[in-house]
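Have a look at these structures, which come just after this line.
Two complexes are shown next, each including subunit A; its partner changes from subunit B in the first to subunit C in the second.
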Partner chain A sequence: MSTPLIDIRNISVGFTGKSGETLPVLRNIDLRVGEGESIGIVGESGSGKSTLALAAMGYLKRGLRLLNGAVAFQGQDMFAQSRRELEHIRGGELALIPQNSGQSLTPTLRIGAQLIEALRLHSDVPDAKHTAKAVELLGQVRLPDPDAIMTRFPHELSGGQQQRVAIAMALAGEPHALLLDEPTTGLDVTTQAHILELLRDIARARGMAMVYVSHDLGAIARVCDHVVVMYAGEVVLQGTTRQVLTAPVHPYARGLLASIPKLSDPRLPVALDGTPPAPGGAGAGCAFVDRCALAQDRCRSARPELTPQPGGEAVRCFFPEQADQISLAGTGAEPAKVAAADEPALRLEDLSISYSQPGVFDKILRRETARVMTVDGIEITVEKGETLGLVGESGSGKSTILKAVAGLLPPAGGQISVSGGAPLAREVEYRSADHLRKVQLIFQNPDDSLNPRHTIAEILEQPLKLYFGLGGDALYQRSAEILERVRLGAHYLDRLPSQLSGGEKQRVAIARAFAAEPELVLCDEVTSALDVSVQAAVLDLLNDLKATQGTTYVFVSHDLAVVRALSDRVAVLYQGRLCEIGPSASVYATPSHPYTEVLLDAVLEPDPDTAPTLSADDVVEMSPPARGCPFQRRCPRKIGAICDTDTPPWQQGKDGHAIRCHHAVAELSRLQGVQTKEQVS
Partner chain B sequence: MNVTTAPQQNTRLNRILTVLRDVVSRPSGAIGLSLVVFHVVLALVSPLIVPYDYKAMNSAMMLTGPETAHWLGTDHLGRDVFTRVLLGGREALLVTGIATPIAVSWGGFVGIFFGLIGGRVDEVLMRVVDAFLSLPWILKMLVLIVTFGTGIEVLIPTLAFFYGIPVIRIARAATHDVVARDFVAASRARGHGRMTIIQRELLPNVLDTLMVEGAMRWSWMLLAFSSLSFLGFGVSPPTPDWGLMIADARGFMSFAPWGVLGPVIALSSLIIGINLTADALAKALGIDRAQKAPV
Partner chain C sequence: MLRMLIRRLFLGAVTVVIVSMIIFTGVEMLPGDACTAFLEREAQGKLLENCREAQGLNRTAAVRYFDWATSAAQGDLGVSANGSKSIAELVGNRLKNSLLLAACALALGVPLAIFLGVVAGLWRDRPVDLTVSTLAIFAMTIPEFVSATVLILVFSVWLGWLPGIVLTSANAPASAFFPEILLPVLVLTMVMTAHILRMVRSSVIEVMAGDYIQMATLKGVPYWRIVFRHALPNALLPAINVVALTIAWLLGGVVVIEVVFNYPGLGRMMIDAISDRDLPVVQAIALIVATVYVGVNLSADILTMIANPRLRTLHMRRG
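And then the complex of A and B:
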């Protein structure tokens, strides 16, 4: 290889701990990125992957310092550059695309002004041509109507559009390399697929190098040639994307891969137990030794070096040849089955929810206003012991429905009943103690759903005191028992949430919900704030609890593979309207609603051989259309005027599978079957 | 990053001790807290250690300068200034020491309550508070005092009432940050009542802000009390009080400055001490006042 573009040599980065010791965040990392190469950096949160990417720019977060080594970009030592020179390189020849572009764009400046500023600072384009060039850049990132976008403010754009603007800004300086820090995390599947295709095309067309940091192996598989797997601040495996994703030779990489739920595999993924060591917490041996299934005595006493393998990859393990003992396919459990009872656990009848409230004047004048329902006409019955998955993009109303069931958001119409009983009161304040106990909600982010001032004991005692009136020893016993059930020891009772890891916090949140002995547990994106390996453990726990407690779940997620792993039945929502409902096997197979088809096609698998199919625009609609099919504006299989004017009928398939479309089921099978053949040829 | 191995003690006492240690370890906290402690101790023991009777007048030696018998000289009635400075903070500390906790409690509760219920009721109440705050405080207070008379039994409720109103704003703003979080929604969904939510979920998260706010209110209240005394609406003579002493001695300031200097230094050292402590407390608790808009 000639002189690499980015040359990271033996760098270590650390910070000073409370008692004055140096705690390393990155340990002796070597990484070279050549012209036009794209390298993916993967690892769990805290593995140092973002720190490494930023160090490539010569930037360290406050408190961190370079312990040893050097970073060179185009032969220049990045840590020895003056501020002026760094300003020239950063954003010009080496551009960063951050995770949340909405936050990195200036909210008070129009998109055009921000792009022109980037051009002025980082390009040779003469001033007179800045506007034309900015429009051209917006066109290159495939934003519709670039002239209009130039005059918009960042908040007027959707998340995907903001990300495109960030890419356009990064391209302004004609960079040689792009650093991408989780650029698609937090975006919808379809948007993510579109952005990744765009990045891939642009990088290829311009011969740009990319350093792509992500925890999402599916995204990495799509855009990267090489992959670096990081663990506890070290590179543990390095190789081509195919080597790392199809036959990794490091036990950690195999565990990570196995813990990802896959659309093609309806089983639960295998959890990778344990947590990585804290900075400075790795002992004399291999950092991964405590979580490794193949650990031997030598692994505890000596630290393995990054060793080149015959296949060309480099691995930090003493026994890479044994790695294939860890299965990738996932020996995870089948979703638990619970015998059905006579009464459904949850019945939603013609549920509609609106966020808009009638105005003061309308109230005074007793005027009836036409309200646009955020969620409308939801008819769902969930049998006892069944898990219903609710999927859809952001804004599809899936969390809104959960909030209505939990009583946090009063519905505008329709009825909610639990266990065949009387309908629940609209607002939680008017519900009976029995109804309250039966329905429990688990939130997305445990950092937000656990009071930071309460110890775990205080968190768990709330439902126990409220519903069962427990106190004293009985309360303590019961709390310890419940913690045991979520696989945490009684010694956690004295701790505060801030002293727990993300996965442990979510277990406490689950424990709190199950302390009420509920019949229906509503899970709102419960794994999306967690690392994949932790996610697998949480899914496994939920599945276990269902088997032992006979609980019914309504499981909301934007991740189709996660939903597939846990659900018996799946309902697909678009713009607050049901599109498709049925047994998960039927929903995930053809024929399906055109929207489900678009979603499934956009899913990225951690497999370099699969490519997503982009069949519909990734426009984000702000409100549902007043008439006709909610999906009319994006539908790739639109028939014509009938879709705009008439609400589509339910087309019945097998085993209670129903699709709401003007196309008959047979017609959909034909259309979707034909497309598959086209792809093959 | 987020791995804990050794189980920690999380008792309330431990947290208080940790915060206290942090306050004392900062220069501003160490200086501030020692000033406050010095003044409080002095107020408690001063009657036992003063060299003279604070009422004893001596027409033979009026407005004498500092000397060995009278360290800060004498005032226009021949009373020992040093004695009166030592005793002059007792009344102020007593009144504000009782009024501050009352102000923070009622203002804090109302603020949290309206922050929780939100909506139109909250909006209307806040406009009332705004209107109230737009009037000069001294005017409102003088009206009440003139109506009900002076004396501790009027001053304490008056100060507690007026100084609780700005606390409403602070408590409400702090509550708004907490109310939006999921643990409050979780508590509602479980079926807890409003009072339980306030007590269990909101108060522990707003308490830090209220403590710092309370410390700041204390110093402002001291200043207000001294101002009232200065204007003749606070402590009545011959009880020694810094504000009153400044008012009395101000006519002779050109040739007997020690009569003003003594009470001024005493009062400002106490207020500076409280402010420094409040600052250090805010930093120790992680609430940086510099980053928040002043109210």
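And then the complex of A and C:
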């Protein structure tokens, strides 16, 4: 066997803790990547996967240091290279595609200048041809109008375009290997699918090796031949993609897979309880022992080694043959159904919202300006106890609608009413205490929504004092009770948010919302900042609260599978206009609006045997078209001129399922049915 | 971009007009006026009446404000209360001197501050950073009159290299102030360098820890190229505003230094005018300083916008 391209031998990386001890982030990792191979590294946040990928480039983040082991690239020790040699290899033979290209491109340099810089450093192309070559690279990553992109600044591009530029830049040095650090995290499903297909094609065509770091098993399934599962800085399972994703023999890998919501399974995913040990916090035994359902005495006293299995995979577990006792399928709870035929909990009537405010001068001159409506003509009724999912790509207006309902963004027109009462005031400062109590909002990131200097008790007491005037013992009792309800004990009351894990913080945020005994809870991407296993626990909690409290949710997420797991009904938005609304089962099945179809086709399932269908471009539209159907420019099922000129009618299906399209429901069924058959054959 | 430029200019002008009203009202509210100050004890009865008549002080405040503002806009700041000299000329000389002092301090201080700030930021927590940062704290915390006195003691009393006090008269040409101006310039440079370098240092540290610097490193860009091409254009953006504030401070707020060195600048003239109750001069200086503040900050904002592509396109898109 020839020498591998990337050869990581027994490396450990750590940092110095507050009391001077060395805390390991990576522990004795071996990894080999051969020419043209693609390897996925998966794990939750803190598992050390990004650190490992960057270590392959001989790079450690500030504060980290190499404790032992060596990394070789093409036989050269990366931690023993001179600065000059490293500069030669990095971006040349070994290129990185970073997680957040928006922040990884220098904001003051034009795209062209940054690409040409990479060419100048790493390619044989003569200087005079750099511009032409840069344009060619931009074309290869399928960016429209490469000449125009060359003169743009990074912030003038969309997230997907920035990611393509980063790929083009990585290709400039004609690398032998690409390191990809969560390259599609934060992108819309359609964009993600397009980028992954592009990467696959390019890697195949050029025979490049890839190291793909991601928490997204769907993406890994699509791109990688081999997968390495990391937990607490160790490799716990290593094998082919099929082995790891279809029949993993490590309990953690099985738990991780089970915690992912899947489009094909409408049940809730199974949560993986507990949290991974902090660096240096693992005891003498297996690092996973505290969360393992199959843990035995031996697991607590001795640390398992990575052992080869008959099937060819390697696993760090004493009892891999028992792993299949943990189910992979979502044996999680059925979504609670508590919809009651009462007054509707929320009614949006002809709601429209605009971000463009009339300017000072327009106000002085009393000038009427045409405002671009970010959200327009939204008519939705949510029954009491029902969960409405709002889905759509970024810019679809789903969070904007939540903000308007919460009163954080005054609508330009239309009415919002809760529990059949009088319409809510447009702005939150004019709402009555009762209205404020009834509508509660949970934000995406608890780090931003919880005051870091308030204890959990103070955070929970605010709504209790404000809406119920509680004090003294009653206040304490109630706070403790609410914490129990979100499965945190009363001992959390004295803690500060920084002393809690991400999932615990989000539970506190949920507890704060429920302390107000709301009728309507608005969830804005509440699980997007969480790891999958934690996400499953939060979904389970929300479902539980719904079952016991009969709460109504409006649940916004870009993750279609998450929405499916929790929602009774789903509304699909494009450019702030409703495309489709109906019971989740109907929306997620055919016939559906062409936009819903595009979204669903692009979803990546953690299954190596599925492939996304890319039926529409992932162009980002800045504003909706003035007339006709909002989806006219990207629609794969466009009829013709009528789509450009006439606003499509609502086509009624079964059980209140409605699709806003010029195609009749029967016609959509026919078109989409035929396509599915083609896919099968 | 052009629209926004016009808008900012307009708003700047409005600010100056409002400030001029506040100045006028403030001076108006003080007991006494130019005539009571000029006539002193005789300021009563017919004499006072005649004086006010001659100065136009018995007209309504609004009319006097309008009169003052319009002539000030044309560069005529009136005559001083005591000497009947043209304020424009008096203040003009002082303004020239203040500008000279500011220009020298800036020419020395800004490049020095940026250099030291960048060095300290790049070699964060190393000896060079610790030295620079500690010195900066000293320069900032020691009161100006103390450092001025120490410098006079060292350079003019002990070493005898530089004159310790300015004896040149206010209306002398700029070249006549050398080498007397050097010591005040040195003191000002110390203080402003400390402020700007601390800002630059923290900005450099922040930028160097950023994702795009890590990306440039992993793209194989040589270190110094990263510093000059990727980091500094971003790290120096916030420095523009600090430099602008420093300029405004140098032109209006260095009274202590001017007094210690007997330097005939605007700040000292203001103090003198206040103690002489020379209200037209006070008004004129306050107006000039306010205009400088507005003008300098406006230029800084525009400069930032030109240097920062994000802001530039933001305003272009809005028209």
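As a convention for this text, the second predicted complex is superposed on the first by the 673 of 681 C-alpha atoms of A that agree within 3 Å, B and C clash if a C-alpha of one lies under 4 Å from a C-alpha of the other, contacts with A are read in each partner's own complex, and residues count from 1 in each chain.
What we mean here is this: a contact is a pair of C-beta atoms (placed from the backbone, for glycine too) under 8 Å apart; a residue touches a chain by one contact, two chains touch by 3 or more.
Please read all numbers here as calculations on a predicted model, not as lab measurements.
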If you stack the two complexes on chain A, which partner ends up touching A:Gly92: first (subunit B), second (subunit C), both, or neither?
-> second
Considering only the touch criterion stated at the top, classify A:Phe443 as touching first (subunit B), second (subunit C), both, or neither.
-> first
Is A:Gly207 in contact with subunit B, with subunit C, with both, or with neither (first, second, both, neither)?
-> neither
Which superposed partner A:Pro463 touches (first subunit B, second subunit C, both, neither) | first
Once the structures are superposed on A, label A:Thr455 by its partner contacts, choosing first (subunit B), second (subunit C), both or neither.
-> first
Which holds for A:Arg495: it touches subunit B only (first), subunit C only (second), both, or neither?
-> first
For A:Ala406, select first, second, both or neither according to whether it touches subunit B, subunit C, the two together, or no partner.
-> first
Residues of subunit A that lie at the interface with subunit B and also at the interface with subunit C = none
Counting only contacts in the complex, subunit B reaches subunit A at residues 1-4, 7-10, 181-183, 185-192, 200-201, 204-205
Per the touch rule, the subunit A residues reaching subunit B in their complex are 45-46, 275-279, 281, 406-408, 428, 431, 433, 436, 439-441, 443-445, 448-455, 462-463, 466, 491, 494-496, 499-502, 512, 516
Would you tell me which residues of subunit C are touching subunit A in their complex?
-> 7, 209-212, 214-223, 229-230, 233-234, 307-310, 313
Subunit A - residues contacting subunit C, complex = 54, 57, 59, 61-62, 83-84, 86-92, 95-96, 98, 100, 103-109, 117-118, 121-122, 153, 155-156, 166, 169, 173, 361
